[in-house]
Amino acid sequence: GQAHQGDVMVAVATNFLDTAKVLEAEFEAETALEVTLSSGSTGQLYSQIENGAPFDIFLAADTDRPRRLVDAGNGLEGTQFTYATGRLVLWMPASQTPDFDGADELRDGSYRALALANPALAPYGAAAEETLVSLDLADSLSDRIVYGQNIGQAYALVASGNAEMGFVAASQLVKGAADGQGGVWEVPGDLHAPIRQDVVLMQRAAGNEAALQFIAFLRSDKALSIMRDHGYEEG
Amino acid sequence: MSADRLSLDIALARETFGLKVREDLALEGVTAVFGPSGSGKTTLLRAIAGLETASEGRISFGETVWQDRAAGVYVAAHRRAVAYVFQDARLFSHLDVQGNLDFAAKRARKAGRSPDVDAAIAAFGIDGLLERRAVSLSGGESRRVALARAVLSCPDLMLLDEPLTGLDRAARRDILPFLKSLPEHSGCPVLYVSHDLEEVAALASAIVVMEAGRVLANGPVGEIGRSLDLGPLSEGAGPASLIEATVTRIDTDSGLMALEAGGETLLLPTAPGAREAEKLRLFIDARDVAIAVERPGPMSIRNVLPARVGRIVSSDAAADALVDLTIGSELIRAQITRHALSELKLETGQQVFALMKSVRLAGDFR
Amino acid sequence: MSADRLSLDIALARETFGLKVREDLALEGVTAVFGPSGSGKTTLLRAIAGLETASEGRISFGETVWQDRAAGVYVAAHRRAVAYVFQDARLFSHLDVQGNLDFAAKRARKAGRSPDVDAAIAAFGIDGLLERRAVSLSGGESRRVALARAVLSCPDLMLLDEPLTGLDRAARRDILPFLKSLPEHSGCPVLYVSHDLEEVAALASAIVVMEAGRVLANGPVGEIGRSLDLGPLSEGAGPASLIEATVTRIDTDSGLMALEAGGETLLLPTAPGAREAEKLRLFIDARDVAIAVERPGPMSIRNVLPARVGRIVSSDAAADALVDLTIGSELIRAQITRHALSELKLETGQQVFALMKSVRLAGDFR
Amino acid sequence: MPDLGPVLLSLHLAAVTTGILLVIGVPLAYWLATTQARLKPVVEAVTALPLVLPPTVIGFYLLILMNPSAPLGAAWVSLTGGTLSFSFSGLVFASAIYSLPFMVQPLQSAFEAVGRGPMEAAATLRASRLDAVWNVLLPQSARGILTACVLTFAHTIGEFGVVLMVGGNIPERTRVISIAIYEHVESVEYAEAHILSAGLLVFSFVTLVGVYALNRSYRLRVS
Amino acid sequence: MPDLGPVLLSLHLAAVTTGILLVIGVPLAYWLATTQARLKPVVEAVTALPLVLPPTVIGFYLLILMNPSAPLGAAWVSLTGGTLSFSFSGLVFASAIYSLPFMVQPLQSAFEAVGRGPMEAAATLRASRLDAVWNVLLPQSARGILTACVLTFAHTIGEFGVVLMVGGNIPERTRVISIAIYEHVESVEYAEAHILSAGLLVFSFVTLVGVYALNRSYRLRVS
């Protein structure tokens, strides 16, 4: 293939990049194969793959884009599966409340801005919106909601203090542990559909042994425990 | 035109040049600032106008202090009520001629003066140009507009920086009358920079002579002209005499006028606008003065006057000699060949006749 | 200096102006292109140099066709072997003087010529300037460098566009000798634009007179000078005569030289470098010629010659009259006052004496 | 028919930004064009910095700056009651910083080209500094001002990273056309992205051709 | 200690882009500065368009253009064997398009300021067009060329959207510093982002101050 750079080229959605880096290190240590990660938004990676990007594996942040790729023949039929499920949390850094209840806080709290990832683009954003709908708050809060383009920007809006509160990924709080003080509310799974992140093998990597090994590695216990450590549930 | 006092005690240091002027000038009519290139004439004018913000010392004009560094006073250029005519005219290129004039007049009115735009347009003969863009004017035209614009600013002091330099003879001849009438039209004294002796002679009543950033001398033109040999300062101009004469009679038939100078009578083509009893300044190139030992017979030279030979300057190095002639009470210089000098056996004190072919009004460029 | 033939049959249309020249010029030495401002002199030179790419028609120089639109020939400027000295010198500002000279010499060498840089530096007296930046030169200095640079290009034809305009008298006087020697130093004919009659007289052997984009006349300077009254064309210059004279004797004692013109002898200060039997062109301002009815006694005027009165032009409108005088076979013009004219009762055919106070070599600007 | 809201918002933002930058840029460029100060190259470099930094990074730092507990953000809150981030004002602020070089640099060149001459002439005709700037310098710099405004306007329309970061992408409030196009691309709505892009392209192209044609006739008239 | 790879890659990209744009920009700017063609405002507008379009949008369209099944992409593949997108060459191509106005506009101004005079003088001294451009026009435009190169270099360093889209953020190959910073910000590695941003800022600032100080002494020398 075109991947002169090592054995497997992996396109990874930015929200999963940190975890992917740990996985990469582990995989490389185990197999002596080389993995190259290229991150971007899921939509951007999708456009790139459509236009001939040299990726072997696509770790997306949703299930839709991998399916589209399979439908268009870029992704290999039957290789798509959910490698991780994201956990949505509501984060309020300034909160002093010991048993922080997000639902109450959303309903009663005095805050100007609530940050979400763009529901149109980011699965975490869509989940956050669903949550608000489930709590019957979508309309009452609509003029307080601000959007980050993706979950990373949503986090930045909250971390920089511009939004007092925001829906972010649990994985981000694991990463930014020092910042992750204040109130953190794990959004109950029944308030939104699971945030499934799917992987798919590219057509061009059909015979790429290294790529197949990496896919297999994603299902290994080792990998699953790493993902759990980083705030994901298994798929 | 009242006499206004300009007191200068200023210093300005440049990398390669220093201006240092301490002078008290009684300005009336046109005062020329005369000196070779690089002597600091422009710098001096700019300092007076308030355009050289780095100048040190003190400047006052009449009762008003324009600059007094010791007292922390520095009046900005636009509050000094001076008008400055730059060598390159500096008309506003985004305005037409009318717009340029109005620019000045409007601000003069705001300052409580009463500029007369129509009079200025008439005085400088620019009626035909009013709708022209500044960039489309010829050199001479744009100088005239710049002069009119300066007049419309109704200044207390008019500063002109070589308004004739770079123009050809025809254009200079056209503009000179306007310059002459400037003190009258503007009602204020004029400080006029030039390095052309004849221009100075034509226009100025007083002169400030500069060299290397210093004032060498200042005073009435006649006095300074006699006490200093300005020739060498005036780049490229030869020896000449400058005398004042009074119009005694104007003969419209012949088109000549009679002038009295030093007790003798001279005949010249009547100057436009000359009036009887008027004082005019005459410029006599030394090369245009011939010497005859006897009174010559009938000839076309109008001005043949008895004269006494004064100092004779002759050197082997030059084909020409300079002979001072006293005519009445005036001194006139003649340049003749050494060959003629020795043939005529001229000696100091000798009585001769001065033939002045070309006596012209100073500034009547040909 | 061989005679080179420049054949022009060109037309160039501008919004407000059209150039249309069909002329065959035998170029030798300096040929002047003379005419009032806006008559198309610069445009003509630019078309010859290949700088006006829109020009129509045909241009050939000697054997070489430079332009022939009908045949689709247009030789680019840099292949025409012309050098062009622009009015504004156009030295390369990023180079010093030496660099400017080398620029030309290097390319001339590539074209198979042999420029002599040292000779040019000596000829134009610019040894002291070689390391100066072009922008730091005075007007006169930069013209001299531009001339040297043009010479070092070893052209087949030299085009000069008013190289004296805008300079003051001193600078003009300094440069004139260099212009005079240009055909010699460059070894090629020179086409020289000017609107100053005296410059033309001083430098040129032939003249092309232009007006409104057309050539009015062309031929040797003397002929054209007689057949056309060039005065009005020459902006601001008064009437004058131009005569050719031969040096007959040089008297080192008195510093005078004798010249023969039209059978009569004139005495003038010896011109620097004048040689016996050399032909010189004399410029006599009509105002410097006086007329005496009788031969005057001893006087400083050296040149008193018997003359016959020719045409007399006099009008009530002017104080002066013009009198043509025939001296030997030469015609000289005198400007005297109408008053003198009537007093002396001058009539055509009358025998008088011409007193020529100021006869000077053409171009000996004072 | 695509939603026109972002288009109008972009035009509004570009117009306001251009206006504000003109007001800030003229004195700044005038100072840069005339000063002899040692500091000048430093200030010139600072005004050019927005060219160098990735927009998203600028956006990130602006976000930190506008935080209601940071001095600037707090001042804004106490002044207006609202936060600077996520507001149209915040977008304007961010765009102004980002587009600053596009206003200042052409203005400075234009002012330098006019030079001291006309300003001195005006001063000797009793015009105060302000009077001379307004009635001489600015009219004589017309071409440069036009260029500066067009570049600023165009660049603000095209601006994206900063606005995205600071604005919070709120429909009708901070969702400008460049974000809209980006969203369409991201969410695989290529047809809509093409329409909006083509519109933006044609609009910009026509504007620019107009400006350059005008510039040209200007030039012809002056020479 | 942050990874220096992206920094070096950015410098490399900026240097190559500047070099290539200089080669393209000089003839283009020369043509624009001297032509009388009707087409001129159109070409001027086209060279200014990259200013107007959001980088990500430009990137998107370039991506489509460079697709190996599109004409340009296919041609590149058949010529070099590799794809244009996701390669360093592709980044250079994209950056060159995006930074074009920053090279062409200052060059055009500089050439216009030199004017026809020196070129005509050179022609009458036997210098061919090329000779005159090389030995007269370019040396006399030194200041403008410097400005153009610095702006282009700076803007390429700061460029982000286009490169991310076209280049694909591949370490050692297309991951330039601006993308690295972006990625750090996005993945909540603020400390790393701060370090890289500060480094970029200081580097740019020092360079720009140097250039402007040089410009200034240039100006002083000429006047």
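As written, the chains take the letters A, B, C, D and E, and residue 1 is the first residue of each chain.
Rule of thumb we're sticking to: contacts are C-beta pairs under 8 Å (C-beta built on N, C-alpha and C of every residue); 3 or more make two chains touch, one makes a residue touch a chain.
In this text, all values refer to a predicted model and were calculated from it rather than measured experimentally.
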Required minimum of steps from chain A to chain D, each step between chains that touch: 1
Any chain in contact with chain B as well as chain C: none
Interchain contact steps from chain B to chain D (minimum; 1 if touching): 1
Geometric centre distance via CA averages, chain B-chain A, whole Å: 88
Centre distance in Å when chain D and chain E are each reduced to the mean of their C-alpha atoms: 21
Whole-Å gap separating chain C and chain D, where each centre is the average of the chain's CA atoms: 59
For chain A, residues contacting two or more additional chains: 44, 47, 153, 156
Two or more partner chains touched - positions in chain E: 60, 185
In chain C, residues with contacts to at least two other chains: none
Pairs of chains satisfying the touch condition: A-D, A-E, B-C, B-D, C-E, D-E
Chain A - residues contacting chain D, complex: 41-44, 46-47, 65, 68, 112-113, 115, 118, 120-121, 145-149, 153, 156-157, 160-163
Chain E residues touching chain D - in the complex, by the definition given at the top: 40-42, 44-46, 48-49, 51-57, 60-61, 102, 109, 151, 154-155, 157-161, 178, 181-182, 185, 193, 197, 200-201, 204-205, 208-213, 215-216
Chain B - residues contacting chain C, complex: 165-166, 168-171, 173, 235-238, 251, 254-256, 267, 269-270, 285, 287-288, 290-294, 296-302, 318-320, 334, 336-344, 355, 357-358, 365-366
Of chain C, residues touching chain E in the complex: 49-51, 76-79, 81-84, 86, 88, 90-95, 103-104, 107-108, 110-111, 135, 149-150, 153, 159
Chain D to chain B touching residues, read off their complex: 117-118, 120-129, 131-132, 135-136, 139-140, 142, 222
